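Each of the two complexes below includes chain A, the first together with chain B, the second together with chain C.
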Partner chain A sequence: MSDRVKIFLLLLPAMTIIVVLFFGGLGIGLMRSFNYMPVIGLTEPDLSAYVSVFTDREFYLSFLLTFHIAFTSTVISSILAIGAALLLRRSFVGRGIVNFLFQLNLTVPHLVGAIGMLYLFSQSGSFARLAHEFGMIQRPSDFPALVFDPYAIGIILQYVWKEIPFIGVIVLANMQSIGEDYESVARSLGASKWQTFRFVLLPLIFPGVLSASVMVFAFTFGAYEIPAILGANFPAALPVLAYRKYTDVDLAARPEAMAMAIIIALLSAVMIYFYVRYSRRRIRG
Partner chain B sequence: MQETRRMRSFRILTGAVLITWLVLPLIPLAIWSFAKGWFYPDLLPRNWSLRAWEYALSDTAGVIDSLWLTIWISLAATALSILVGVPAGRALGMYKFRGKEIVELMILAPTIVPGIAVVLGIHSVFISMGLNNSVTGVILVHLIPTLPYMVLVMAGIFANYDPAYEAQARSLGASPLKTFWYVTLPAIRPGIIVGGLFAFLVSWSQYILTLLIGGGRVETLPLLLFNFATAGRNDITGAIGMIYILPGIVILLLTAKHLSGRSGAVGGFGQI
Partner chain C sequence: MTHVSIKDLTKVYPGATDPSLDRLSLEIPSGELTALLGPSGCGKTTTMKMIAGLLEPTSGDVAFDGRSVLNDKPENRGVVMVFQNYLLFPYMSVADNVGFGLKMRKIPAAEIKRRVGDMLDLVKLPDLGNRKPSALSGGQQQRVALARALIVQPNVLLLDEPLSNLDAHLRFEMRDLIRSLQQDMGITTIFVTHDQEEAVVLADRVALILDGKMKQYDTPDMFYKRPVDEATARFFGGHNFIQGVSDGRMFDSALGRLVLPDGATTGPGKLTFRPENVRIWHNETSGQNTLSATINDIIYLGTQTRLKLLVGETPIEAVVNPNEIERFTTGDSLPIHLPKSTLWVIA
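On to the complex of A and B.
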């Protein structure tokens, strides 16, 4: 058997599943978003779903909110993850525990984290009770709204909780493979600690941080259950809005849901572009 | 580098803050599962009870059925991912060929594109195939997030694999099946275990794919958890939540040494 045939046969089952289910799902979604589905008699594609999505104020609010959630969560998680990785690089009392908790946290599903955040930060949650204990508030309604709130603070807190370990573990592995020689050289040439970090270590780990951040951004932009648990009703995060439109009793809303799914997919295609760009650079470096 | 005393205590302090933050959200869940009413502004429940656990573990509540169903779905998705992902990983890890970058990109894409973007389209096709509202349909759709991780882990394993051992076994008269069983399999077993555990956990944590394709009829643990959480049954939510995170903890304890510092492999948890 020639290598070409062998490679083809080895890849065939996996590629069939990915092409049929993943790209098939995307393709069907794309067709339906254009109201084009010959099987059920829709033979003339049109843009009506996109027109109604792009003329709907709720869509823009929802898009902005989702972008805010994804962007803010990614930036905060990345910065804190770099800090946590710097901490974990050196030995200190409790390093083993942090290490273990990092990995434990990676295995806990987002949904559990979201419910935990609900019990911590809601107006009758643990922090509200603590505030009452210290005489800072009287009634639950005195506590600031941190869940179901317009700024999506609860959602962002949940993502920060979950993604610090995700990015942190990648950055830490990255730091360990780089070693400390470059930094020692910089220090011996008279660079301060901050300069060593800013001009030596940070540029070295940056591609790794960026490729992890891209994955986090795409995930936080497209996740459903977290904003469904912790988010406000209006505007809802884009995946929640898409799901609502799809399950609407009015079947005419389905193409709109598909159009939103395609918009989410397009945004993640941009993310894939950045991911490939930076992870390739990381491999070359 | 000389560490000053202040630097040291700063490290311990930030470490303590980090530890607290990492366990914090799990604490109220655990407490709720043993609480019998826990009203504002009590910092701890006044009455403790095992009621939520008794309910969750009873035959009538359906939590145990849901647990078995979730295990079955995740095991099936994992087994299929291994079966299909090992050959694909071999092709990507051991050969250079034209179009390899495109194949890699196509396998990478499902790890980044969110489930909601593809599942709506799949749902409308599964309806016509009679696969919606079925366990089979849910298992199939779980392959979208699980398979890429399996392939990527196995590609990494096969990149460091020497096929000369297979050739030697074959030249000594071993059949292809025997060669695979006694030579290839032992060499790639660590990859299968790590990749399989990732695949299991990725499937274990799926929500929106199961909700849409299962149509609410295939009630896995996360669906049950979500329903109790939004219905405000905090005590039962706490108990189900504890049951739900258990496999992850067990897997972590079993594989702690496989996981540490392997960025490529650990990346698999991103979608959980």
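On to the complex of A and C.
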């Protein structure tokens, strides 16, 4: 058996799953988004689902909110993760324990984290009660709205909490493999600590930061469960909106749900493309 | 022009019991090219990093022109270090790499461009400014690293194993380039190497460091002629060490009584002489320091041939021209001569 055939056969199971499940699902979603659904008698494809999505004001509000959630979470967690990695790569007493604690919440599911957020930060949650107990607020409901709030603070807090170790672990591994010699060179050539970070370390770890943050952005832009649990009812994040349409009692709303899902996928692809292009020029240019 | 004084410089790394560098003292005259020579792990790179301010000494002092620089930040010391693996910033062009130090000093872009151009001419890479470091050969990367260091006009230049990553034919080219740039710019230069040949071809003076301690600080020839001890002599390829007693003029040993040069130490010690200074088939008329030896083994090494000889029961080594190999057969007896000026007694 030639090597080519062998490689083909070895890849076959994985490729089958990708092609059948991913592209299959995408294909069906695409067909439905074009109002092609023979089961309920829709056999003439058209763009009406897209038209109705793009003429709905809620869609734009949801898009802005979702972008705000994804962008803010990604930026804040990337910055804090780089800071954490800078501290964790130094040697100090108890580094092993700190490192362990830092990575601990990687194992906690998003959903569990979100429920924890709810218990802690909602207006009937632990912090609200504590603040009330200590007389900092009159009623627990005076506690600032951090969940179900229009600025999605609860959602962003949850993502930041969860994604810092994810990006941090990647960046830390990256820093450790690069070592400190490049920075030594820069210092001896006259760069200050800040200049060394800005012009040497940051560009060197940039590919790692970029791939980790792109993953975080794509995930936070397309994730359903966290905004569903911690988000305000209106405007809802795009995936929540799409899911609502999908579970609408009116079967005719499904094409709209599918159109929205396709739009979410396209939008995140386009945004990631521009993010990668722009940030590469800024950091390395 | 900067005179560098290193005084009792010591480094004990956290968790280690033995110092990596033990009370090293050196005076490096302004504008000189000095080699720190020693096997890997002997504390050379540690010394360089402490001079550059990249590592804090446990004790001791580093002073430039009489002023301690220990409290100066690395970027303010005027010391530039060129690492062995060059460490060119991979995401920058060659020109940006060379201009890095000037950019950090906020020099106007137009001036940076001009000076980078001049510097690339100086290291003979005039047309490669737009390339990425990965598109250069090892020798070219080395020159870019050198240009990047020299452009900031450092007071002290530190080079880590500057020739060891280069092919044999590039070594001499680079040696000449480093020496001529160093002489023209008059920069006090210190380089570390584990290769005694590299130290000898490049340096005005060599400091040999073994096990964290300085053994000898001298001009290169003195390590061959007047090594301080056996370890030093061995590091420089010495092979012959004969136990005996010196009275300052004569040395008594299993080789018999040999005449010593002036200034030889007295008392029990070891006689040493370089294999290449053993004269074979020599008709020394006075008979002074002439011995009879038997060839025990002949080792052909390409550029030289080593003869393992026995004088009585005592083994010694000699080096002869490889073209002469036909003249020798194992078991031959032959007269050898040890010129008195090439003998040296060590403790």
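Criterion: the second predicted complex is superposed on the first by the 257 of 285 C-alpha atoms of A that agree within 3 Å, B and C clash if a C-alpha of one lies under 4 Å from a C-alpha of the other, contacts with A are read in each partner's own complex, and residues count from 1 in each chain.
Here, contacts are C-beta pairs under 8 Å (C-beta built on N, C-alpha and C of every residue); 3 or more make two chains touch, one makes a residue touch a chain.
As the structure is a prediction and not an experimental result, all values here were calculated from the model.
Applying the stated contact rule after C-alpha superposition, one finds that A:Ser192 touches chain C and leaves chain B untouched. Look at A:Asp181: by the touch rule set out above, it reaches chain C but stays clear of chain B. In the superposition on chain A, A:Val5 contacts neither chain B nor chain C.
When the two structures are aligned on the shared chain, A:Leu204 is found in touch with chain C, with no touch to chain B.
Touching more residues of chain A than its counterpart among chain B and chain C is B.
Once the two complexes are laid over each other on the shared chain, residue contacts for A:Val249 go to neither chain B nor chain C. Residues common to the contacts of chain A with chain B and with chain C across the two structures: 187. In the complex of the two chains, the chain A residues touching chain C come out as 181-182, 184-192, 195, 199-200, 203-204, 206, 284. For chain B in complex with chain A, the touching residues are 1, 3, 8, 11-12, 14-16, 18-19, 21-29, 32, 40-43, 83-85, 87-88, 90-92, 95, 97, 103, 105-125, 128, 140-141, 143-144, 147-148, 151, 201, 204-205, 207-208, 212, 222, 225-226, 229-230, 234, 237, 241, 244-245, 248-249, 251-252, 256, 259-263, 266-267, 269-272. Within the complex, the chain C residues that touch chain A are 49, 52-54, 73-75, 77, 79-81, 83, 85, 87, 89-91, 100-101, 103-105, 148-149, 152, 158. Residues 3-4, 6-7, 9-11, 13-15, 17-19, 21-30, 32, 39, 83-84, 87, 90, 92-95, 97-113, 115-120, 124-126, 128-130, 132-133, 140, 158, 161, 165-166, 169-170, 172-174, 176, 187, 208, 212, 214-216, 218-219, 221-225, 228-229, 239, 242-243, 246, 254, 257-258, 261-262, 264-265, 268-269, 271-272, 275-276 of chain A are the ones that touch chain B when the two sit in their complex.
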